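The same chain A turns up in both complexes below, where it pairs with chain B and then with chain C.
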Partner chain A sequence: MQILFKTRYEDDIGFLVKTGEKVRVGMVLAFLFAAPLFLQTYYLSELSLLLVYAIAGIGLMILTGYTGQVSFGHAAFLGIGAYCHAILISHGVPFSVSVVATMILCGLVGMALGRSASKMHGFYLAIATLAFLILVETLLGEWVSMTNGYAGFAVPGMKILGASLGKAWQQYYVNLFFILLVIVGAANLFRSPTGRAFLAVRDSELSARSLGVNVEWVKIQSFGVSAAITGLAGVLLAHQLSYLSPEVFGVLESLKLMLMIVVGGLGSILGAVFGAILISVLPIVISFLKDVLPPAIGQQPGLEPLLFGVIIVLFIVLEPLGIYGRWMKLRYFFETFPYYRKSSFVRQKSYLKTERLR
Partner chain B sequence: MSAPQTLSVRNLSIMFGGVHAVEDVSFDVNPGEILAIIGPNGAGKSTIFNLISRLYEPSNGQIHYGDADLLALSPHQIVATGIARTFQNIELFEQTTVLQNLLIGRHRHMSANVFTNFAFLPGVRKSELEHRRKVEDIIDLLEIAQYRDERIADLSYGARKNVELARALCAEPSLLLLDEPASGLNTEETDDVGFWLEDIKHDLGVTLVMIEHDMNLVGQVADRVLAINEGKVLACGTPDEIRANKAVQAAYLGVSQ
Partner chain C sequence: MLQVNDIIHLAVTGLAQGCAYGLIALGFVLIYKATEVVNFAHGEFMMLGAFAVLAWSEFLGGSFWPAFVLGCLSIGAVGYLIDAQIMRRIIGQSSASIFIMTVAFGFIFRSLAGMIWGWKTLFLSTPFGGKIEIADGLSIGVDRVAIIVATVLLCGVLYLFFSRTRYGIAMQAASQNQLAAYYMGIPVKRLVSITWAIGAMIAAAAGALLAPITMVDTTIGFLGIKALAGAIVGGFGSIPGALLGCLLIGIVEPFADYFVPEIKGVSAYIVMLVVLFIRPQGLISQTFEKKV
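Let's look at the complex of A and B:
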């Protein structure tokens, strides 16, 4: 077991202070950078998609897990991001300009939504964001001159600085670059005043106000940051799908994002990543199971959604803290070996819970 | 730390439906003193605090702190005039650590720019370290170093009380409103609170207004006492005068037969 002896205030600010963290993160990074060398194209593009969902998950996590504002409308920002970017680059706008413009647009739309939602709590906020989603989905479908409606919109190939990046491994590295940027940025946010104000609003609006936090403005900011990051995920998703259709960005997609962060563990960036891994890996495991199981069971229609549902229900019942909570326990087990007992985590358990989503 | 000023409350009233929770209350808090507000449950003590921190909109009256007209400000602007407060039912940020709570206490002195924060530019790091130093001074003063990295949800009630006081002090107020700082604490802890309040008054030069039921604590630290009943001022004076006041005895302290 390692006890960290802190001698400078920097130790509380820095990332990856413990040796174990450095090793773990180093191993994950090494795996991610080397992945194209040994993964088949199919698995590589699945991994690419995972990274995109992880970015979207972090976007929603900032709003729901850290600021305590529920949103069932985040697929709308994926949609706006994807369409805006696709339309811009099909008009010849360079990739980098388009990404920035799309993020700004999504951020502004998010702030507008946040402005109207800043006085709402709980169910009302959930319904308002849901209404916003339906509005955007309809708009994407009906604005035929811009989006080509339900016929779909073909996304031009990715080109950065004149170099065409159409291959799976090239897109993968672009996604990897952006997710690292987003993770570091989000982590930065929560070790600085802006992010702490988000946490303050999540835990007690009353005392946040009395300490000088402008609660309404914080909510607007949080919606803006969250929407901009989700919009970035939309941009990358557009290239991943290469063909856009409005119904992709519907209620189900929103629920998927919400499920990701809840199952992953609310209130941690790692939780969003874990959630993205779960929803990406589960379908692969299930399709693998289909081949292994006897045909009478394996070929039943509806097996996939059923298993998906069962696994998620089991998670929510058995580990309400999400995968992140399970991970914390595992870590404590090794860090405190051989002293870990089942009840050692009971105390820790109470503080991992972010149950006040208002 | 800005210089303490006079808090003047004039003809303050608020009605909840047909109930006059606070009715025509006027008082002054002089710079550098400790004023205790006492009164039975439901007398309107906390309501006065909530009016000063602008959580409620008064139906009548004025509140000035120095030159600042508090009624012209929004709730989040109050702390910028130098007024910080604690709550009766502790309102800490439960899922964050003590250190984070105290740093949020310093929010009014920090600039929260999303873009520089997202990039964590060197300036942000520098300001984080400076504010951390200020927070550590308060941690030393209130002796809560052992809780620094604990989540609030893991702390005992008494420790939470101290952390809430510390968080309010981190805002570097010139006037501190304390809503029952000693409620739920044992005798020993209450004595500690008494010493701290005197330290805060003398060393930090902070004016204190506290709502408190513990008359021993009030007698020990308060310079003046304001007694309230049913939303009205019963009496105002030194602790001994208040103890001797017949109306206060009848309403609050109890009359010996």
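Let's look at the complex of A and C:
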């Protein structure tokens, strides 16, 4: 077991406390920064896409994992972000201005949704966000003069301060910059009073309110932050896809985001990243399975959603804490060796948290 | 310009559609009242129901009613097993996980149905062909009338079941307070599973009755989301409220599609968002502020 001696003030406020953590994070960072040197273009663009999804996942994680508000409509913010940014830069607005404007727009839309959602709870919210997503998708398809409808919208190349950044490795570094910004920002958020209020609302609205937290305002804030981050992911996704069409931002995409954070582990930033890794690796595994399995099963068009569904069900039943929970247990096992017991992580069951009192 | 006949025609079409939503919503609300789980896969139960009836009627050589009964029973069995084997294990987890779980079931069901019965649109032959002439130049399909009649019948049967039979009253008790019901010797676990089975059976019946209108393919389960929207408009906690909301949405839809064709298919969600914005608990509320 490792015992921590905190001798400096920085030890208290640092994100990474233990040496092991520092080494691990350093290795991951070194890998990420060096990746363009040894990865082929295909794998590099896959890795960039992973980073984009990780940003979107962190956005949703702030709302669902940390504030406890379920949203099935986050692909809508991805879509709004992507379209808004693409339209702005095709009108000649510089990249940096456009990113900020897009994030503000997404944040405001998110706050408006949060305002209408702040009185709802549980599944009312889930359904309202789902309806919001369907409306946004329809709007993106029908507003032909702005979005070019279902014909698709070509995204102009990325240009920062006059320098054209079209190559895969350049986009990759832009994505890397933004995800590091988002991770540090999110980690800081949850050490601030605002972020702590998010957690309080998630755990119990009633006790948060009696501790003086303005629950409605917290929900609006959470929606706003989450939507702005997801909008940022949308901006990067627009450059990654380079061709937008409304179907991309449908219910399936929302479910993918949900799958990411649930399987990754609700309530941890690392979980969103794990989830993004999973959904990037899964298609590769599925295409491998298609070759291995007999064609009668392997070539079925429904194989992918089936596997997605089965994975979600298995994770929720067997490992509710997700991949992050697995990782935590593994780490705990080694750190406290040989004191780890099966019951170290037995979750307390609570029955029928009722919302209607009759 | 709209004629009176057109208005009546649109209204009756909407009424039938609303009844179909209502049938699905009935299952949602029953399951919600019993377990506080919102089953997002309920539309998929409906889809499976249509497929199951189709499969049984092929197996039995084309006779509809035995196939209808067998199809509903088999989907009821699926519902029972889903609860007894899986949903029961995740009681007490965060509601987000449970929603996502049921959505995942929807995906699994859709894929399985596609793998078993193919992805093409199929046709289920029912005894509800033809049209009824009501007035001059105004006729309504028998299939739509059948849905309205079936909804009224099923609601009556369910009302009698829940108010008169031993099992029904026990279910009501279990839904009001599981622990107290358990202390009174009510087998709560089994009753919850049976509630799932009943909900699934109603959805399957709705699927089979809707089959002449929507045809049978793997995507008809998305009607379930509209039924959910309807149930929310009315207020999820009460069965009459949910039915009312579904009827409202069903009747608004054809008129909205007629007057504003741009929003075809999404008017139900607009109605729902507007209602939620004004009355977050639905029109007939069953939720009360928690008091300490």
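Going forward, the second predicted complex is superposed on the first by the 312 of 358 C-alpha atoms of A that agree within 3 Å, B and C clash if a C-alpha of one lies under 4 Å from a C-alpha of the other, contacts with A are read in each partner's own complex, and residues count from 1 in each chain.
Here is the rule we use: a residue touches a chain if its C-beta (ideal position, glycine included) is under 8 Å from a C-beta of that chain, and two chains touch if they have at least 3 such contacts.
Since we're looking at a predicted model, the values are computed, not measured.
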Partner chain in contact with A:G149 - chain B first, chain C second, else both or neither: neither
First (chain B), second (chain C), both or neither touched by A:V310: second
First (chain B), second (chain C), both or neither touched by A:L206: both
Between chain B and chain C, more extensive residue contact with chain A: C
Touching partner for A:G250 - first (chain B), second (chain C), both, neither: neither
Partner chain(s) touched by A:G141 [first = chain B, second = chain C, both, neither]: neither
First (chain B), second (chain C), both or neither touched by A:I13: first
Partner chain(s) touched by A:N214 [first = chain B, second = chain C, both, neither]: first
Chain B versus chain C as contact partner of A:R196, first or second or both or neither: first
Doubly contacted residues of chain A, that is, touched by chain B and again by chain C: 206, 210, 350-351, 353-354, 356
Chain B partner contacts - residues on chain A that touch it in the complex: 9-10, 12-13, 185, 188-189, 191-197, 199-200, 202-204, 206-215, 221, 224-225, 267, 347-348, 350-351, 353-354, 356
Chain A contact footprint on chain B (complex, rising order): 53, 55, 74-80, 84-85, 87, 91-96, 99-100, 103-105, 107-108, 110-114, 117-120, 124-125, 128-129, 132-133, 151-154, 167, 171
For the chain A and chain C complex, residues of the former touching the latter: 64, 68, 70, 72, 116, 119-120, 122-124, 126-128, 130-132, 134-135, 138, 142, 206, 210, 255, 258-259, 262, 266, 300-303, 305-306, 308-310, 312-313, 316-317, 320, 349-358
Of chain C, residues touching chain A in the complex: 36, 38, 86, 89-101, 103-108, 110-112, 114-115, 119, 176, 178-179, 225, 228-229, 232, 236-237, 262-263, 265-266, 269-270, 272-273, 276-277, 280-281, 286-288, 290-292
